Amino acid sequence: MQTQPSPLLKVQELVKTFPIHGGIFSRKVGEVRAVDQVSFDVFPGETLGLVGESGCGKSTTGRSILRLYEPTSGEIEFEGKSLLKLSQEEMRRTRRDLQMVFQDPFASLNPRQKIADILEEPLIVHGIGNAKERKEQVLELLRVVGLDKHHASRYPHQFSGGQRQRIGIARALSVKPKLIVADEPVSALDVSIQSQVLNLMEDLQEQFGLTYIFIAHDLSVVKHISDRVGVMYLGRMVELTHRDELYQNPLHPYTQALLSAVPIPNPEVNRERILLQGDVPSPADPPKGCAFHPRCPYVMDVCKKERPEFVDKGNGHFVACHLIS
Amino acid sequence: MGQSILDISTLELHFFTEKGVIKAIDGVDLKVGEGEIVGLVGESGCGKSVTSLAVMGLIPTPPGKIVGGSIRFSGQEITHWTNKQMRKIRGKDISMIFQEPMTSLNPLFTIGDQLVEAIRVHKKCSKKEAQSLSLAILEKVGIKRVGILKQYPHQLSGGMRQRVMIAMAMVLEPRLLIADEPTTALDVTIQAQILDLMRSLNREFGTSILLITHDLGVVAEMCDRIVVMYAGQVVEEADGRKLFKNPSHPYTQGLLKSIPKLDENQKRLYSIPGQVPHPLNMPQGCRFAPRCEYVMETCWNKKPDLYEIEQEHLSRCWLHQGKEAIENGKGDADTT
Amino acid sequence: GGKEGGIKKDTGNSLIYGRGADSKKLDPIQVTDGESLQVTQMIYDTLVQYKDENTEVQPGLAEKWENSADGKVWTFHLRKNVKFHDGTPFNADAVVFNFERWMDKNHPQHKGGEFTYYPDMFGGYKGDSTHVINKVSKVDDHTVKFELNRPLGPFLANIAMPPFAIGSPEAIKKDPEKFNENPVGTGPYKFVEWKKNDTITLEKNPDYWVKGLPKTDKLIFKSIPDNTARFNALKSGDIDLMNGMNPTDAPQVEKDSKLQLFKQQGMNVAYLSFNMKKKPFDNPKVRQAISYAVNKEGIIKNFYAGLAEPAINPYPSFMMGYNKDVKEYEFNLDKAKQLLKEAGFEKGLKLKLHAPQDPRPYLPNGKKVAEFLKEDFKKIGIDAEIVTAEWKTYQDQVKSGQHELALYGWNGDNGDPDNFLYVLLDKNNAREKDASNISYYMSEEVHKLLVEAQSTVDQKKREELYKKAQEIIKKDAPWVPLVHATVPVAGKKELKGFFPHPTSGYKLYKVSR
Amino acid sequence: MQTQTVDIRNKVVEEDKPWKDFMRSFLRHRSAVIGSVIILFLILIAIIAPVLTPFEYSAKSNDLMQSPSANHWFGTDEMGRDIFTRVIYGARISLWVGFFAVIGSIVLGSLLGLIAGFFGGWRDAVISRIFDILLAFPGILLAIAMVTILGPGINNAMIAIAIINIPTFGRLMRSSVLRIKEEDYVLAAKAMGMKNGRILFHHILPNCWTPIMVQGTLSFATAVIEAAALGFLGLGAQPPEPEWGTMLADSRPFIQTAPWTMIFPGLAIVLTVLGFNLLGDGLRDIFDPRMKQ
Amino acid sequence: MLAYTVRRLFMLIPVLVGMSIITFGIVHMIPGDPAQTIAGEKATPQRVEEIRKELGLDEPLYIQYGSYAKGLLQGDLGKSMTTKRPIGEEIGPFLAATAELVFAAMFIAVFFGVNLGILSSWRQNSWFDYSAMMIALIGVSIPVFWLGLMEQWLFAQTLDWLPSNGRLDPRIQMEPITYFYVIDTILYGDTEVLWDAVKHLILPAVALATVPMAIIARITRSSMLEVMRSDYIRTARAKGLSEFWVVYKHTLKNASIPVLTVIGLQLGTLLGGAVLTETIFSWPGVGRYLYTAIGERDYTVVQSGILIVATIFVIINLIVDLIYAWIDPRIQYGKK
């Protein structure tokens, strides 16, 4: 896309490994390659969806961007400056622009803080406003996410899951960030509540010009909310493109299988199912070559040896598969 | 629909807790026919699991107690059977698999132990025979690993564990399989495998299946008939196609409108306002009234009945019941 | 059935002696504590020995002895036909061997531990300039000659001490290290078994050189550390005889028809020491005031069950040179108050009162005595804070003068006043560390008297000197002498032949049922 | 009726404030209530001890070893002191020792546990090893050795008890911190741009203290027993302080002639310890998330 | 399993080194002087000084520690300063005496504790449960020394049923084989003496058993209850297993892990903590041995003795951990 503005966030070859300890002296005996050379750009105002099966590294990617996990290698540029080069203190201040919404609305709110304190704390930390202004801002935030002002003096356990997720979103909004990483914000919610939160997030994006990285494992949700979607498998990005392109023209065999496996709430639709064999391999011991090759219906010899490159097939459709190249 | 193997009618089950009486099930009518796959959907906490446990006779008592209605299994009234009586049919005639494959297998015993045990509870046979039977059923559910019988649950992946659970449930070829959210903890591609497996078992053995889930997509693909629950009550029941094409209860309608769909592009999702009522503080009349778009005066005071709006399509809503019924107030306000 | 000989049960005629601590070792020369020596005394004999009830010397393994005119040569005539328990004969060689082993640090069998009593009693080891014994030699098989470097007054009394008992040279040579656990002597009993911290069992030596002794076939020492528990064991018949009882239990014994009480005259003193290095205890008025505030009768009644005499002088009245004319500070709080006022403490005084935690024969319950004193002190405006410590720490504290007031005491060794006055009250013993004069009483006058008495031979003259010293001490009041405790020993009614001995070393082989 | 609609729609199940919620479950919990009644009773007695008895705890009298009577409810000891008086004054000592020993070990243990859990790395390794070592020692022997070093006395006994209990709290704190450190709200705080100090004090610490409080209550009980044990061995309170363990040791010779001298101080210990155990148990149940619906 | 064991053994090294340093330090901080004890109370200061020199007590502490550590590395625990006997040899019978007492106590505690816990959990909230748990709570609240004294008062002195001190009637001499008297008397086949040994064991063992019994009963009950709530127990019931099998096969094994931890910890604690019981019952055990050694300032005995007891404690806990790994297949490689 030639007329693209410059990206807000640029992730290049991001790698994050976790050591595995064991042996007689609890030495490091191996590592989990949770994120393995992932690259993508996020443009201002868009929503980039990330999907993939459990354990494929979605959350780790999200957390590494905020340097909640220190990336092992790679490069992350936010508004042109490299995040990984910032000192702890500089990074702390930069986090104002980068915010996060968590999956579990029950675990992500400190049970011993009142809602008002939860929402005010980021303002205090970043030295925003005086006490009175902050109070007002808290009430404003509550209003924005559709909660009542009398909720301010309550504790998290007095809310339902959907309400808690609203509070989590309000907290992320409080410092007026540019980018929000939403890590499965609706997975824990019931279907009838889920749409409330999705609508809220869309409204807020429009209202504040936010940029989202939206992580989910529910393809329908991702499709609904995202402009572009990245598909991850075993720590790697296997496909990344525009939403409609992806759903109409999936190139990677894994994406194809994934799309065909999603049950559709319409008995009239009859689809050809691609049933994959076997389970997802362990990220501690990923297959050589293409990570997907043991389950791939179209596996070729080259897949077992060489790792396919993640390349643009034109019009911003990135894919990593030997079949395509 | 053939002869029904499971017939639950107007079941009421309460939990007597310190904080008060939780009316976890307050009117559930549900039939499962021979060889049929019935889906039971509803939001978290609406009483799906409790219903299935009631069928198995596994409700923790106290605090739980069936206070009304009946459960019939292939014609027999089993509502008040003793534990000892229930034990004879559990695992043999009715089997159950649970949501969490991670915690539903005893971590300290091998797969073989647990399968053999399941067989030998009901079937007189040697350990050897039981083992070969186990291997056969494991192969049927797609596990062909050597030495699987000697392995412990933690050595298997989630998908495999759920297969083992299914194998354990199916090994004695029960007539009814109750699957309580069997795929919720699994990934989509694995879920597809498991659902596929269940469908083929249903075809092969003619096992009836009661599939509990909150995923409308899963029921749409799997089930012949669908029962929708809300806050401890069945609110709608219909043939799968009818239900999706012509949902009649406002809750079902809202639910269908609020989920994003893969096969169409929606601009904006519908959302049902408010939230599920607190189990200790249920609305007096229709339980959905506080969230309903079409709420009427009657709805606040009177409990609606399940009403047959067309053939084999029931709905619990005053909208569909005649004026006359409203005035007669067939369902009285719950004043307890 | 089962394994042969592993278990032996009582033959019926045994004596079980309950005591507060186990033996440390069974080689007499290597131990210093009474409990260890009590056992070795039953297994071994010394050349000469104490009489049954006092510290006078009588023949032991030596039938007769002579001292040369210059006092430097001692000749002992040994008893004949005496055998060690291992069957080897007792003779002059054995005596020479034992003394050589003790005195010569390079002796091949000088092994197994410290030979503490030897250097203490005989001025050091062979080769030391102060060493007393020049040579021990055999004259014939039954005669031994000791040649001394200089005369030693208490030589005979020393030789009578239980550490200097003669052991079998064969057994010692076999394994000097293990001799500690496998004692072989000539005594009335033979060693059988030692269950550590529990029992030591001895059996009758049928060939004992005194006919008719020992009286019992077995002698069993049983350690029960707690006094009360031990007393209970006596009452329930688990043991026959016990030492170290709480004096407060004595009345119970007297009431009990199945028990009898033996009272052993106490060659001891318990006292309340003032640390005269510390203010205001350098002021005699303060010391005297406190002396008036001590209710000795009350203490004796409460904590000694009457089994003690109030102490007036530093040593008990039955000893030589006791000054009967010294008048005690009676219990008189008014006088005490008056004196305090004179000393400038009419508003009162705060002090620390140290008390030992563990029972001592002369002070069975130091803590309680301290509590008792505290209550009376309160009445004259003295606020005493009690500080207790367990025995070793306590010794450390008082011997280095960390206390202000301390409850302490002394058990005499040999019945000589020197053993009390010089040790406890002479300025030479007021050492910085390891003081035995813990009051740091520095009286020159007393020092002169005591030193003179040491080098005087004339007993009359000595008595005079000691009496004089006692007068001065009374006036200076470096201590409040509290009591001379009678040591109670309890046993079953049917026991006969038990003699309480002032050294607390009993001839248990004379006891019969 | 429109009004009614609005009315019910806005009706939220009014949940109580946390402390009210806590009080409700607390009051419903039988053992917690009994335990706190016992403890309050003891505290009260300790405070108003002088009012309850005409005697002084250290005053000797001539009524030696009297059996319980209307005048001396629990009898007298061998110095003629009123045992009832000594027992109720003893509550002061036991509560005092228990309290400060527990506070001491909580403060030190938690601090070490916090450092180990929060910073990890070599600090964790060193501190955890220290805990291992301390735990491996036989507690009572360690306490005996320490009091022997420091000298007997109630304060030194308190210090020894505090030290031997450090690893209990340290480990508890460490594991709590490790658990809470991984909670999403801590991550959220970090993502919010908060500094370590603030995360530690605002987010981690307040969420660690419930297990500490439960354990603290239970350790209070053991501390009372440990103090009595040291007293019994003569290493506790200094005379004439009426410490229960010391009283037991002192009256051991009279167990047969005057059993009341042993029975009442012993029962006092049991009652106190029971009170704290009941309360601790109750708190544990109340705070246990599994007990909550 | 082997690698796991070896790793756990290696992890002991720093703990043991730390322990040796701490014991050494503590022992040398205690005021008072072993030389004084050895020399006797009335020895001259010069003598004491000489002995101090002979014992090497005049050397700087680090040199003393150095030679102590060197000895330890060569497996030499040193000699007692007072008895001059090798500690390794001397401590044996005391350890055995304590071990016999502790094992007897643990046997009582485990037998009654576990069964009480199971019954209580089975009859949860019954009067039996309440009274058993109340008794258990009182059990943990009784100071062992008071209980011991009360036992003595009642059963030894007043009723005169059982002996109050020692391990054996002093009139009996027995050549020890294992130093566990109960075992030795059985080896000798002498029932009369066996009975005597057992009689001596009863009171102290019961006193010592009370607290662990109460703790075990409580932990058994709560972990049984917790396991009974788990998913895999529900699965076991769904198979149709009888209640007896559910409790004794599935629940007990899973519930045993926390119970084992407690048993291990208690075993270790009792081993070093039996001082009070041993003092009261004049039991010639290791607690009293060390307590006496502290009183006598026998540095080497205190140092090495505590080190031995602590090592045993650590090893017991290691064994418990290994038993877990054996019961629970998930533990094998250490989770970290």
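Order of writing sets the labels: A, B, C, D and E. Residues in every chain begin at 1.
Convention: a contact is a pair of C-beta atoms (placed from the backbone, for glycine too) under 8 Å apart; a residue touches a chain by one contact, two chains touch by 3 or more.
These figures come from a predicted structure and were not determined experimentally.
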item	value
Steps needed, at minimum, to go from chain B to chain E via contacts	1
Partner chains that chain B and chain D have in common	A, E
Pair of chains joined by more contacts [C-beta pairs], C-E or A-B	C-E
Chain centre separation in whole Å, for chain D relative to chain A (CA means)	47
For chain D paired with chain E, centre-to-centre distance based on mean C-alpha positions, whole Å	25
Whole-Å separation of chain centres (CA-atom averages), chain A against chain E	54
Whole-Å gap separating chain B and chain C, where each centre is the average of the chain's CA atoms	90
Two or more partner chains touched - positions in chain B	none
Set of chain C residues in contact with two or more other chains	226, 232, 390, 393
For chain E, residues contacting two or more additional chains	30-31, 152, 157, 279
Residues of chain B that touch chain E when the two form their complex	56, 58, 83, 87-92, 95-96, 98, 100, 103-109, 117-118, 121-122, 152, 154-155, 165, 168
Of all residues in chain D, those that touch chain C in their complex	58-60, 64, 78-79, 148, 151-153, 234-235, 238-240, 250, 252-257
Chain A-touching residues of chain B, taken from the complex the two chains share	43-44, 157, 159-160, 187-193, 195-196, 214-222, 240-241, 244-245, 254-256, 258-263, 265-266, 268-272, 275-276
Partner chain E, residues of chain D touching it in the complex	31, 129-130, 132-133, 136-142, 144-146, 148-149, 221, 225, 228-229, 232-233, 245, 248, 252, 255-256, 259, 262-263, 266, 269-270, 273-274, 277-278, 281, 290
Of chain D, residues touching chain A in the complex	15, 17-18, 183-185, 187-195, 198, 202-203, 206-207
